[in-house]
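So, here's a batch of structures to check.
What follows is a pair of complexes built around chain A, which joins chain B in one and chain C in the other.
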Partner chain A sequence: MSWLLVLPIAIPFATAVFAYLARASAAGRWISLGGSVASLLASSALMVGVLREGVIAAQMSSWDAPFGITLVSDYLSAVMVVITAITGLATAIYAFGEISERLEKLGYHALFQTLIAGVTGAFLTGDLFNLYVWFEVMLIASFGLLVLGGSRAQLDAGIRYVALNLVSTIVFLAGIGLLYGVTGTLNMADLSEAVAQAENQNLITVIAILFMIGFGVKAAVFPLFFWLPASYHTPSFAVSAVFAGLLTKVGVYALMRMFTLVFVGDVAFTHEILIWVSALTMVTGVLGAAAQTDFRKILSFHIISQIGYMVLGLALYTPLALMGGVFYLVHHIIVKANLFLVSGVAKKLTGSTDLNRIGGLYKSSPFLAALFIIPAFSLAGFPPLSGFWAKYLIVKAALEIDAWFIAFVALVVGLLTIFSMTKIWGMAFWKPHPDGIDPEPARISPAVYWPMMIPIIGLAIMTVVIGLMPEPFVQFAEIAAMQLLEPDAYVTTVLGVRP
Partner chain B sequence: MEALTALLVGVLVAASVYLMLARNFLRFLFGLILLSNAANLVIFASGRMTLGAPALVPYGMDTPDGVVGNALPQALVLTAIVIGFGLLAFTLALAFEAYRRLRTLDTDKMNDAEPREDAK
Partner chain C sequence: MNSIIFTAAARLLVALLLVFSVFMLLRGHNLPGGGFIGGLLGAVGFIVYSLACGPKEAKAALRCSPEALAMVGLGIALAAGLVSVFFGDPFFTGQWYWVGGDSYETAAFSVNSVLVFDIGVYLVVLGGILSLTFAFEEET
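Presenting the complex of A and B:
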């Protein structure tokens, strides 16, 4: 059983080692691709195991919980691992077209696979300190990827990204230390019980806020998001797609895990804060996007705005809301990664990402235009695409508990999202290119064009499939939400049945 | 002992906040180093400070003999120090490269990623 949990982490690590050794030749990218396919198979096997058993756990080196390090996967972890593998595979294919030999020689593929391993580890661990270690693995790989190539903009962005993320990590670490001081355990399932029994509940609330800040910076919620729009538009497109898809979502996942499993003693206080945080995150993100005229900067601000919806799903703390939150997470990763991939093709064809200096894509590359429309409208929540169901669930959950104002905010932000998407559509696709060039696909070689298009097509198909057949996905999210709200199965699977 | 450690953590955090408010990235980095050490001390203190023996199990026994220090926070701090060291080494290299390329470490003057609208 434990192999199911270990393989999705071990495969990317092994791939990273081999890809690093082969970085000087073209074999590196094939190793990366092979590793990504193997990761997808391994995480699918994990998914099958979880679907059969509900929750599966493994104790590393056979040290019994709560003393050893536990790997554990419930429905939420399993789906996150699968979606990570899918994003990883999409980006590995995309790298064939985009990543230059110079970046490959610097170890692009090794860093990329290490990032995937770190993200997967963070989703699978059942130990708080281990979660910190996975965060660091993920961070150091992302630092490397962000500044790889070393342009001036990248270095500037790197400084901001590194500085703020390190501060958040230290806050998280201090929170772990204090929580260990109060409860004497670090196993998340064990913490679930120990925190509920702790004498000083006020201190627990203070620690909960420390965790909220630490994870909040990672998730880029208001008012802690400033590192994100300062950095995501600078690295290569494959990197920004995988960052946009996965990194902030690890923060959201960690929030969801800790604030359903451990910090549920004072929901009226902690989750109320999260509600207002999510509302402000949605609004500031979407307004920030309205002020931008760069393809990737607009998309970066929309990440922030969308994070608000996911945190709202957690903050409302009802079965329906959490279900919407889980559904939103999965939908968002696919859609957002895809939009960044599209922006990369647009850059190759037109020569820039500045919307004032590009245009003409609709006439010359109608296929790309169609592929942009799908994730863009899904992001804004148009039926019948996946984003519609995600928003529908969240808004319905808000209305169900008479949170009229927050439902109103969510709907208005959806409208403003359309405004930004139509801005990109109008300026990059409809208006003629200001320099009078025709951005046809023929401008770039098929060996570059198709590796970049295949993942976009694949992710767009997934968006449409989820949109047209939401039933199985919604059911899955419902069970995931139930497991989060009633963590008995999680706790007993990790700790074993006790008298 | 706990009170003294708490005081030390307080001083470290205060000094690091002061340094991190500076515009110069190098000073920010020094503040970060102090802050990470403060966090390490918090973990260390959270294991309770006792005058105990090292947590070693004598030969032929299953449990340590008498009062021993809590080994877990020490292991955690050790891990955190190693990780922190690696990250800070990277950040220092990044600062050096940024200084070499941008010719400044004043964060107000670093506008390459987000150029000011009025400076165009």
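Presenting the complex of A and C:
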């Protein structure tokens, strides 16, 4: 049983080692691809195990919880691990077309696989300090990927990214220290009981706010999001797709985990803050996007506004809302990574990501245009795509508890999202290219074009499938939400049944 | 920095630091020390050397690229964790083989996967820190 939990982390690490040793030849990218396929198989096995058992846990090194490091997976963790592997595989294929030999020689594939290992580890760990370690693994790997190639803009972005994320990890670490001081444990399942029994509940609330800030920076919520649009538009497109899809979601996942399992003593206070944070995040993100004219910068600001919806799902704290939050998380990773991948192809064909300097894609590459429409309209929440169901669940949950204002905000932000997407559509696809270039696919070699298109096609199909057959996914999200709201199974699986 | 005193003292210091780093690595399991702190000390040794004689000399003294060192270390650490599979234990469970006894008190010495893991960590830390410092020294 423990192997199900270990393999999704161990495979990317092993792949990183081999890919690094083979970086001088073309074998590196094949190793990376093979490792990604193996990761996907391992995470699917984990998913099967979780579907059968509900929650599974394993103690590393045979040290029992709460003393050793616990790996644990419930429905939410399992689906996040699977979606991480899918994104990893998509970008590993994409890298065949996009990543230059120069970047490969510098160790691109090793850093990429290390990042995937870090993200997976963060989703699977059941120990707070271990979560901090995975955050550091992610930070080191993502910093490497961000500055790889070493252009001036990349270094500038890299420094901002690391400086602000270090502040967040320090706040997080301070929170961990205080929490350990109060409860004497860092195992999340154990904390769930220890925090409820702690004498000084006011101090616990203060610690909860520290965690909220630490994870909030990672998740890029208002007013802590400024590092994201400053850095996501500079690295290669494969890298920015993984960042956009996965990194902020680790922050959201950590918020969801901690604020359902541990910090539930003062829901009226903490989750009320989260509601306002999510509303402001949605609005500022979407307004920020409206002011941009760069393909990737628009998409970056939209990550922020979408994060608002997921946090809202957590903040409303009803079964329906959490269910919507989980559904949103999964849908968003697929859609957002895909949009960044599309922007990479657009750049290859037209020569830029500045919307004022490109155009003509609709006429010359109708296939790409069709593939852009799917994730873009899903992001905005058009039926019958996956985003519609995600938004529907969240808004319905808000209306159910008479939170009219927040439901109104969510709907308006959806409208404004359409505005941004039509802006990209109008400027990059409909208007003719200002330099008179005809951006047809024949401009780049098929060996570059198809590896970049295949993952886009695959992710677009997934968006449509989730949209047309939401039933099994909604049911899955429902059980995930139930597990989050009633963490008894989680706690007993980790700690064992005690007298 | 061209101080002859520093250069002369550095040779002595570097040797001491490197030996001490291995000492720290080996005493790690039962006393304060281990792969992480040993790797840091080893890295300090090479950094002192590169300050005294220049990064080029220090890289030559390391003999292989620090990134490769870190990656090989990661591989070793991972392999040490995987050993426990073959004995049916959870991942990372230490495997011990005692020579001349059956426990820490009675055995003359032991062969174990914990030390292998620590050596892996040592290499990861040494390689990781050195690749960062060498990169920074090239910039300036």
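By definition in this document, the second predicted complex is superposed on the first by the 499 of 499 C-alpha atoms of A that agree within 3 Å, B and C clash if a C-alpha of one lies under 4 Å from a C-alpha of the other, contacts with A are read in each partner's own complex, and residues count from 1 in each chain.
Criterion: contacts are C-beta pairs under 8 Å (C-beta built on N, C-alpha and C of every residue); 3 or more make two chains touch, one makes a residue touch a chain.
Note that the coordinates shown come from a computational prediction; the quantities given were computed from them, not determined experimentally.
Asks: Go through the superposed model and pick first if A:A230 touches only chain B, second if only chain C, both, or neither.
Replies: first
Asks: Please name the chain, chain B or chain C, that touches the greater number of residues in chain A.
Replies: Here the partner covering more residues of chain A is B.
Asks: In the superposed arrangement, which partner chain does A:A110 touch: chain B (first), chain C (second), both, or neither?
Replies: Once the two structures are laid over each other on A, A:A110 reaches chain C alone.
Asks: Where does A:L178 make contact in the superposed view: on chain B (first), on chain C (second), on both, or on neither?
Replies: In the superposed model, A:L178 contacts chain B only, not chain C.
Asks: In the overlaid three-chain picture, which partner chain does A:A157 touch, first (chain B) or second (chain C), both, or neither?
Replies: After superposition on chain A, A:A157 lies in contact with chain B alone.
Asks: Who does A:N200 touch here: chain B (first), chain C (second), both, or neither?
Replies: neither
Asks: Where does A:A16 make contact in the superposed view: on chain B (first), on chain C (second), on both, or on neither?
Replies: After superposition on chain A, A:A16 lies in contact with chain C alone.
Asks: So in the complex, the part of chain C that touches chain A is made up of which residues?
Replies: Those in contact with chain A are residues 67-68, 71-72, 74-75, 78, 81-82, 85, 89-94.
Asks: For a test of understanding, state which residues of chain A touch chain B in their complex under the given definition.
Replies: 129, 132-133, 136, 139-140, 143-144, 147, 150, 152-160, 162-163, 166-167, 169-170, 173-174, 176-178, 180-181, 229-231, 233-234
Asks: Within the complex, which stretch of chain A touches chain C?
Replies: Listed in rising order, the residues of chain A that touch chain C are 2-3, 6, 10, 13-14, 16-17, 20-21, 58-62, 107, 110.
Asks: Sort out for me which residues of chain B touch chain A in the complex.
Replies: Result: residues 20, 25, 28-29, 32, 35-36, 38-40, 42-48, 72-73, 76, 79-80, 83, 86-87, 90-91, 94-95, 97-98, 101-102, 107, 110-114 of chain B touch chain A.
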